[in-house]
């Protein structure tokens, strides 16, 4: 097979025997399939992440390894709470009163977030507001189904948020896949991949439900029980294994600072 | 020259008052903005919660030395600007550290924080930060010009660069405010003021949806907290300058609070009513509408 | 639409015209004549806009049906050209040189159906599915349920209800 | 003493003897020829020596023993002696040069050569008109013979064309002679000159006209000179040397002799013909690509210039000889040398001269000849031009002076363009494989010797003219000698020379610093100490660095002489020297050829404006002290002001004449950029300071000229800053920024008040420090990264921290942000503005101010911040010697920031002398003006304390920060692709370009390009006149004769 | 009666003009040379005619004209001398031009002056 220019996909001619498939109604499809799929695909590392030899201005060649040279390799650590209980309580109060949501709508549930900003619901009065960058946000609302492709971005964004950080799963899709339970491309259980503090069920949950969910989250924070970030750090290998199990082309460092 | 050590606690007192005033004022402004949109708005102490939270965040990252120093520069700029200008006219206590320099010092010290912030954001390596800075700097070149002209016009009018002296002349009465004696300069300066407050229609620098808030896009945790602190102080410090030059200054804290609030409201009122300009649009706007006023003011003064 | 069909027929061997609406018609034609027909429609007939390029998997027939839907902007008419290609080692000529947007459709078809478009720019780049190695999911012989079960953790206890009966129960617990 | 007749006799005798020799005895024949020429040279040399050392009156030689009119007489005077020496020397040297050719062609060729030299000598010596005719015919015949020496087959045609023209000329001359004789009864030139009445009317007038026009026609006047150009192009270069140096000199002397018979009315004619020839030849030379034809045009032009001077003899008085001879020998020496040089070069294109690079000495000779030709110091033409300008301006003949200067400028244009080609271009014929050492060059001792002789003569004559000028010999000035010494020492390794240079500069400063007033002291410190600091960076260059030190030291010598000059002449000489030195420096850059050319052209143009200004101011006075400018009276004063200001503006690169600067500064070498930016630009400001100090403000047509300067300053500031914003090249950015900074300084000076000047001084100091620092820093970065494009860099802060600190400090200083020293400059600026009555230019100045932020941020961000590139990951900090001066500058900036009084206080006090009002008060650490106050130490301390406190607080709160790498940025959930696509740097201020980009329309560039294109195209068009047809040339000649006659009638 | 010298002079000038005209209008090298020779002759004629004085004799001091009477009897000798020289020189120049013409013809095989214009501009 010819390899396209700059393609990271190399296709082989190997013919795979295909078992009889079922159609959506569960009826067996004809056993002899004219034109069965007969290609396999091998994943290659992304070109920009590959090691490369580079010639410096002084003419000396050296190796650049992007994942090592361009990204911090350190993993997450468990961050202790403040030394004084009273200080930590103050912080927890402030955290609960100041919830900054990352403005990242992962699925259709994002549409239910908008009304929260409107006069009708006005989440601002509870100290909730939206930030455009994960660095400044501390709540990540996974708003609905999460496809594998989006999951990759969601993980990056989550890891780029600062400790303590919270995740709210919004809608049935984040809980068990919802109506996408048999989809080939959406995850079914969010808490396999990110530490979820609160799930808000429904398809879709109404803004009132969201507000209720945020109130619950606040209570958890106030009580010092919303330690998802530390949990993620503690069980980092487990989370990472789960993530990598479905993200086949893991093309980023293990932890995205 | 013997240094009066008592100036330090006095200056810190000013700082304290202005900081809290700024925190509350910012929330109040947000609330007013919300009410315009028929929302209830944030609680008046919301900014404190945000600030404490940001100081209380447990983790942070650093991109390098300049990135680390950026917010320090920024806040130094704000605090310095506040302290280089006498806050309350006639009060030895609140004349702060204005012995170090006059109006021009204040004028140029404004850029101290901007420069540091720009450098810090630059080191973060984020393209949006650089884009935001280019927008900000581009806009500033046009927005600052009417202000510079107005300031110069005022200095010409009073033949001095000393802020105290300028306020002293205006203390004679309501009608001796620069607002009435040199209206063109004040008009130019107030138009420029709109541009420097980072509110619509001149907030393309931050543009949250387009270049996720521009320069501070990588800043978080305590860095962001320092910058939030600055956001409470810096606008007030700047408004103090406006108040002293154009609106008769303040001889007491209540007058101070009132005037600062009123001046701040100008930009808020404009901000809630107008959509955002692109950079080149705002540059043209300043050059076409504000600069001629400034030019007239220095020619006619 | 008839006139157009007639004019086109002078040039190519067309199948029957299927007219779904007065302003929407489809016609099937051999693969070799597609380009000629498209070019004619675009340059001479005013069908300048490629609305979409999509595929239908006729599994039983062992064929993919590609539909090139063109639109006449000013007359508000759409005209679809259908081409049947074999499923086995499905491959089709790229038309990205006629409409640059076609490259994106072809990229999608390559990913979702496994139809090859040699020469189309970036056709092998990931589109929706990053790191997909198996059978393209839109082929009808792809079993999505099984794939889902095999690849994803499922939360136990999920029930499936038929929406009609469930809603009836909910709204009229006593029955109708 | 041997009679001058022996000059002729020896040549004739030898020529006869040659005829007796057998054809085979070529060696002997050649020896005889050389001996004869040597003897002739010796004779004339003894005469020159005699006239030079004793007050000998001219000696008359009566050939038949009786005085005229009954016999032919010759005269030997100082002029004759010198010119015959010149002719004989050129003949001798050319004979030497022609060794191979003469030996091959045999005795006849030698005889013709001897006859030619004899004819020229005779032309000079004779006082008899008919005899003159005979010698001229001899010259024509021998010329036609010598043209055949050339291997170029086209020379045949050229010779025939010459014969046609000389036939026409001889017809005219003969008729003229016979009728003049008929009217006056004598053939003696002096005899005729004593009977002016007879030759003023009727037949006499026509006769005089015919004689003079015939002689002038021999001088190749425009447009009747196509034949001469053809000869120059095709003849053997050795003959070209004779034709240009000897024939030209001899005929012009003949004209000078004969001119009196036409009376005073002929002087303007001579001037007119001369200046027209000068202008047009130079114009037509512009599009030339053939070196010898180019030299031909230049020769024709130079002779035209001398003819113009001859026509001005009525006003030149005693200086006539000094000027005319100065120009004549300049041309002779330079042209002889250049023609001889051209004989060593095989290809004919201008770029072929690049082969000279293989022979540094030849290159040195080349540039010497060019400088001699253009009349740069310390060569005779320079002194001559100064005197000429002085006297012409004294007589109010400004139009003529302007024409002369314009012609010279055009000439300098094509000559220096040529030099640039030779230094920078690849020879055209480089295609045929690898070049061998010495390829394209034909050398040999007999060729080298004449060239060397011309070189020595050039310098010797420079010395002689310096001595004769009565203005103090430039070649005896210590700084210049020091610079020239590096020519001799060029074989030393660079570090030794560098040490010498630094030692020389600092040593000279230590020796002389007490002699300066505070203002000059600042300039002296910048030039000498500042120069030394920059030279520290030059230790970085290894090897011998041929040519760098003489050039650099020449520039420094010029700078030092500039501040030490007390009179206009010294000032102007120093100005030209520093221009020349800096030109060579700039030319050293890799791609700097076109920029160096535009630099030298603008600088020379400016220098000529200065020359004209001084001349106008002096009104013919022999000495013009600089403070004498103050005494210039009303109708003249503003014009003097305008001319001088124009001249200085070219150096400060004010808007309109700024276009040379960006390229010149950007393309220069790493350590040269700070020299030409940080130091050289100050020369222009010094000029302005001198000008304003002595002349104050002037009004022209009711316009206050300092106001014009204010506008120019403000516009320069705006345009410079704005252009800098849009540069991708870091050094170009800095270069444009210099334009802006110089605009500020000019603005300050033009404010004409105490604080304005103080501000200018502050800018001068600051600009030196931070621009040198930035250029070094950027140069160091460019050296390491191998590029100057900022968008190719990025993220270097971690790898080059010291360079970053330098740029950071520099940026804070330039932008005027407290607490660094730039703020002081701004503070003084505002106070100065408040002190003045100026309003509108302030607007522009204020607009320009914040724009500086844009380019400065761009500089630091795109180079040091942002994303580091793959290939730069292993870059090291800039070399030690480049960093060292930067760190010195950082220290200086910090010190000046805290105690600005260190320098400013003295200047402030000194300025009281000029502006008693409006100074600053210095009480303790507080600096106060009438309007405000400022306490640098307090500012520093307060800012420092706040900063330190907050920093400590952040460190405490943020103690657990995780250092991350460059791609650990939030990227909208994505991952940065590569540093190149993540680094935002190219077209950095795109929105700004949208808004204000129209202001950067290169109007000035278009204007000057338009002018040069116009000149070039005009030259190209007019030169089509020379069709190459001999008959056309004859028409030209007749048309010329008729035209002159008609003009004479009309006058 | 018209002075013979005037006739001679007029003839001389006519010859000069003819010569110059010929030289300027003929493109052939040889014709040009001939034309110049004509012009030369004209010049010489003019020269002689200027020195001519009516009724005097040639300035040759021999038995016919004793030296003592020479001043009164001979015509002005100077133009005579000049014309002799001029003739010689003219001869030289003409010879040289002919030589040139010969070599030019050798080089290019043509005598047309317009063909020898490689050098121009």
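Order of writing sets the chain letters: A, B, C, D and E. Residues in each chain are counted from 1.
One rule holds for everything that comes next: a residue touches a chain if its C-beta (ideal position, glycine included) is under 8 Å from a C-beta of that chain, and two chains touch if they have at least 3 such contacts.
Keep in mind it's a predicted model, so treat the numbers as computed, not measured.
Common partners of chain B and chain E, by the touch rule above, are D. Hopping across touching chains, the smallest step count from chain A to chain E is 2. The chain with its Cα centroid farthest from the Cα centroid of chain A is E. Chain centres here are means of the Cα atoms, and by that rule the chain farthest away from chain C is E. Chains joined by the most contact pairs: B-D. Our note on geometry: chain A versus chain C, Cα centroid distance of 31 Å, whole angstroms. As a whole-number value, the distance joining the C-alpha centres of chain B and chain D reads 54 Å. If each chain is reduced to the centroid of its CA atoms, chain A and chain B end up 39 Å from each other. Annotation for chain B: residues 58-61, 212, 217-218, 221 touch two or more other chains. Pairs of chains that satisfy the touch definition comprise A-B, A-C, A-D, B-D, D-E. By the touch criterion stated above, chain C contacts chain A in their complex at residues 59-63, 86-90, 114, 118, 122-126, 128-137, 139-149, 151-155, 157-158, 160. Only residues 72, 79-82, 87, 90-91, 93-95, 97-98, 100, 103, 118-119, 122, 124-125, 127, 131-133, 135-136, 138, 162-164, 229, 257 of chain A touch chain B when the two sit together in their complex. Contact residues on chain B toward chain A in their complex (touch as defined above): 34, 37-43, 46, 48-53, 56-61, 208-209, 212-213, 216-221, 224.
Those residues of chain D whose C-beta lies close enough to touch chain B in the complex are 795, 797-798, 808, 811-812, 815-818, 823, 826-827, 830-831, 833-834, 839-840, 842-843, 846-847, 849-851, 853-854, 857-858, 860-861, 865-867, 924-926, 930-935, 938-939, 942-943, 946-947, 950-951, 954, 957-958, 960-964, 966-972, 982-985, 988-992, 994-996. The touching residues of chain A, counted against chain D in their complex, run 48, 52, 54-58, 60, 62, 64, 66, 69-72, 74, 79, 104, 133-135, 153-154, 156-157, 160, 251-252, 256-257.
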